[in-house]
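Below you'll find a set of structures to go through.
The two complexes that follow have chain A in common; it is paired with chain B in the first and with chain C in the second.
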Partner chain A sequence: MKKRFTKEAVLVLLAIPILLWTLLPIYHIFLFSISSKDSAFSGALWPDKPTLRNFGTIFRQEQFYLHHFWAQIWNSLWIAVAAGAITLAVAACAAFSISRLKVKGGRAVMNLALFTYFIPAAFLAIPMYKAMGMYGLLNNRWSLVLAMVTLAAPYAIWVLKQASDKLPVELDEAAKIDGATPLQLFRLVYLPLMTPSLIAIGTYALLLAWNEYLYAYLLLSHEQTIPLAVALGHFIAADDSPWELLMATGLVYALPPAAIYYAFRRYMVSGLTTGAVKA
Partner chain B sequence: MASVVFDSIYKSFGSTKVLHGISLDISDGEFMVLVGPSGCGKSTLLRMLAGLEDITGGTIAIDQRVVNDLDSKDRDIAMVFQSYALYPHMTVRENMGFSLKLRKESVRRIAEGVDRAAKILNLEPYLERYPRELSGGQRQRVAMGRAIVRDPKVFLFDEPLSNLDAKLRVAMRSEIKALHQRLKTTTVYVTHDQVEAMTMADRIAVMNEGRIEQLGEPLELYDRPANLFVAQFIGSPAMNVFEGTFRSNSVEALGARWPSTARAAEGQSVRYGIRPEHLSLGGEGIPGEIEVVEPMGAETEILVKVAAQTFTVMTHGRASFAPGDKVRLAPQAGHAHLFDASSGRRI
Partner chain C sequence: MSAIAIPHAPAAPPRRGLTTWQTWGAIMIAPYVLVFLAFVLYPVSYGLWLARHPESYVKLFADPIFFRTVVNTVLFLAIAVNLKFLLALWLSGFFVHERTWIRWVSVLFLLPWAVPSIPTIFSIRFMFNPEWGVINSVIFRLTALDGPNWLNDPRIGLGLSMLTHIWKSLPFWTLILMAGRLAIPREQYEAAAVDGASAWQRFKYVTWPSLRTLYLTSTILSMIWSLGDFNSVYLLTGGGPADLTHVLATLGIRYIRLDQVDLAMATIVCAMPLVLPLVYYMMKHLSK
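So, the complex of A and B:
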């Protein structure tokens, strides 16, 4: 009894600084976003006159840097959803054929997927820029979507393959005897049983694309095509950066991922850990 | 309904040969059991019939049609797996109707087929449930229902009772047998349990190391095992076997003479086999000492030591022996089996 109490006390003592460490920057963002321009740097823990005016400015696009706010957040959403959906489709098909249909060369594909982790994504930025330029995709939202799919797919394939391996092979055999073609097996048996992992991986790819900065900055440069993440970067270019607006926009930008993660948190935990360890 | 013919079937996994030319004719409506220890190739043979394994050599014919190159779905078979292999995301009704749905049958036909099978198996109250909400025995019945719905030419069972507890296994055994007597569909049933084989089969094929050791009706295998392997595999408790030398109508072994009506050459090295129920304990016979007494109610199993060999003796009713008692062991000469010591074949 006493031992358990001590253990929990230690955990709580560890948790408090970690929680503060994590929440402090977020609180800082929040503080800025409800402050007026004058009081933003006052250093107080709570502004004298908290205000929501910054958000009004953002939503009405009333600032030079925010003239394309709605177009840019739409770009972010469009790119994230497209990247998530395509990654999911590619990875699900790959995992199904490698794990269930046992296609030749499956192992090699898995090893290559693992190998991509050895190369930092930043190294690939320039070659990717060149490739997109050759295809004439620069300044086109598709270039970023394709780049994000390229970066997310190996991990997605790896996780989905591991999860697929856990489905009993007898299910496939039963379906085969029942008369299912590989495509029917995929659609009617495999996809329904893989739903938790698919949701987890889809969310992963979506958030990866939503949060991407470097590739977005390189591949897209037009005010109308850039996602909000890049637009936020432009704020700092000014001599007197409107920090309170930057922070308020950042807060708005952070809300959708938080909502998505919250909605799917059940699948995120179970989906990403299934297959990670052999039970 | 249909016959099944295996003609010199070979199977290798890489360089490992697992089946060495199996030929087996299963007639229309027959209940054939493939039995053998694990790794003997019985499941592989069944899976080749199902179309789940490639055939390395030989042909398999169902209803006089060679099916080597046919997909599973075109072989008109249904299979029941050891793990049930029910689709977890479908209800019992959807599980059972899945094959008909894939065949694009009408909704009405599917419902009729499922209802008919559910009635046969008493599954009607469970049709809207999911597999996870069923007990092991119910799941096994759904797996059988899925097979019945298709009305196939051949039923394949791959150790279907191994995941059930002992009591349920006995119940399901009778249920499968009754089902076969009712539907009269040709059935190939794989098991490692010789009791299942004995109680259910019309004929049994005893397999070992990729070959059929003996093929025959259950009691034929029991009474006239073709070799030592079959003799020791079929029957529980197992046959008592020991080595000796044949001399003038009996076998000399363990410092005694063991009577036999079977004959071997004078001085030949043989293996003498006698089933536990063909040994009795009485005033005359070979001297031994009681080691263990295991009363089972209707019968009593007694372990008796003669020289260095322990014999199992089965007697009806109760026995008033205690460990350490000196007894005399009397074999029934007419039920003794003689096997060649080197080849293991029946003499």
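So, the complex of A and C:
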């Protein structure tokens, strides 16, 4: 009994530094966003008079860096949804083709996709930036959408192929005997059975695109086309930046992905780790 | 489920049927192949073609910050990634305990991974501001001394970039190692307990042998990705002070901003001796 109590005490003692380490930078964002300018810069751990005024300033676009706040958050949303939907469509078709239709050369395509997955993102950004310039897509939101599809699709195909390989072969054979076309098999059998993995992958691509900074910063620079991440980066350019507004905007920007992540956590964690553990 | 194998004659599909299936297969894989050709193969080939001139490398090696950048990158991989994995290995042992409250801690613990980098890294940057950041305020309140000028010291700056990198990606790898630990059959631990094994012996003879492969492949994968970690350095120190905290990723992007694409590509080519063996290992391991 005593031993058990000691073990619980040790676990609690471990949890405290883990939580402090995890939450301090996040609490600091929250602290700044409910502080007035003076109190934010005083180094206090809790503001004297917590205020929501920063959010009013943001939503009414009353600050130089925030004149296009609504347009920019719309860009973030548009890019994330488009990248999520296209990745899902491209990856589901490719995984179905490789895993179920056993297309010739499917294995080679899988290997090329895996190879892409292993290129460090910041390295691929440089040739991609150059190529987007040649395609005339710089400063067009589609450039970021396509870049995000390129980055997300390899992992998406890989996870979907792993999940798809586990579906019994008898399904395809039964469908063939019933005279189903590949498209019918895809639509009526494959997609419904793969729903949990598809949710995980769609969420993964959506969050990847919403959170992306480097590619957005390279590919988009026009005030009207940039997503919120790049706009936040502009704040830091000036020494007298209104950091309490930057942190409040950052909080607004970080809330949707945190909410989506928690809503789909069950799918994400199982969907994203099964593939990895096999590795 | 399939304990009884029903022997069925391998269905010899009619020739025409096979071709429709292959045709559809080709149509459905085509979108990804197009994405790959347009946004990976063509850009990378063109980039390598741009990097073909030996003068680019002469110019690159003559840049005084290049050598420092290579050293920083190697330190970053060797220290940050390994420290992160030791922590992840240890923390995964904490999070596998089945308690409701530990599940809630794990939910909060995943936050750094789920939220975007830019607000959180800026937040860390503000915390370390020497004049009015919260860290130096606390140091001043406790000791009445001024704290160090954190991000203006290249060594501390690089160290803090590593900590930021660990803060951001530790949750993901802890999750992966946790899944690995949960896949170990419980009977092995029960057998070890019967034999009176100590905690260290349980780790050494049960946990580690099962986890070793996953630990190594994850470390290698994380090293490859950490080479491309632009945010942890750029958003925290901006490569400064005096361009002393760059890593290869931020140096490449710096050349792009200076419109020196040939130098940017040469930087990447210089990283290839580091990347390709790791990628080769991963490819061999995964396409089994």
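We take it that the second predicted complex is superposed on the first by the 257 of 279 C-alpha atoms of A that agree within 3 Å, B and C clash if a C-alpha of one lies under 4 Å from a C-alpha of the other, contacts with A are read in each partner's own complex, and residues count from 1 in each chain.
Definition applied: a contact is a pair of C-beta atoms (placed from the backbone, for glycine too) under 8 Å apart; a residue touches a chain by one contact, two chains touch by 3 or more.
Computed from a predicted structure; not experimentally measured.
In the overlay built on the shared chain, the residue A:221 is in contact with neither chain B nor chain C. When the two structures are aligned on the shared chain, A:192 is found in touch with chain B, with no touch to chain C.
Looking at the shared chain after the overlay, A:171 reaches chain B, while chain C stays out of its contact range. Of the two partner chains placed by superposition, only chain B is touched by A:180; chain C is not.
Once chain A of one complex is fitted onto chain A of the other, the partner contacts of A:21 are limited to chain C, with no touch recorded for chain B. Of the two partners chain B and chain C, it is C that touches the larger number of chain A residues. In the superposed pair of complexes, A:6 makes contact with neither chain B nor chain C.
Across the superposed pair, chain B and chain C both touch chain A at residues 173, 176. By the touch criterion stated above, chain B contacts chain A in their complex at residues 50-52, 71-73, 77-79, 81, 83, 85-89, 98-99, 102-103, 146, 150. Listed in rising order, the residues of chain C touching chain A in the complex are 11, 13, 17, 20-22, 24-26, 28-29, 31-33, 35-36, 38-40, 42-44, 46-47, 50, 91, 94, 97, 99, 101-102, 105, 107-112, 114-120, 122-124, 126-127, 132-134, 136-138, 167, 171, 175-176, 179-180, 183, 214, 217-218, 221, 224-231, 234-235, 249-250, 252-253, 256, 261, 264-265, 268, 271, 275, 278-279, 282-283, 285-287.
In the complex of the two chains, the chain A residues touching chain B come out as 168, 170-171, 173-180, 184, 188-189, 192-193. Here chain A touches chain C in the complex through residues 11, 14-15, 18-19, 21-26, 28-29, 32, 41-45, 89-91, 93-94, 96-98, 101-104, 106-107, 109-116, 118-131, 134-135, 146-147, 149-150, 153, 157, 173, 176, 181-183, 186, 207, 210-211, 213-214, 218, 229, 232-233, 235-236, 243, 246-247, 249-251, 253-254, 257-258, 261-262, 265, 269, 273-274, 276-277, 279, going by the rule given at the top.
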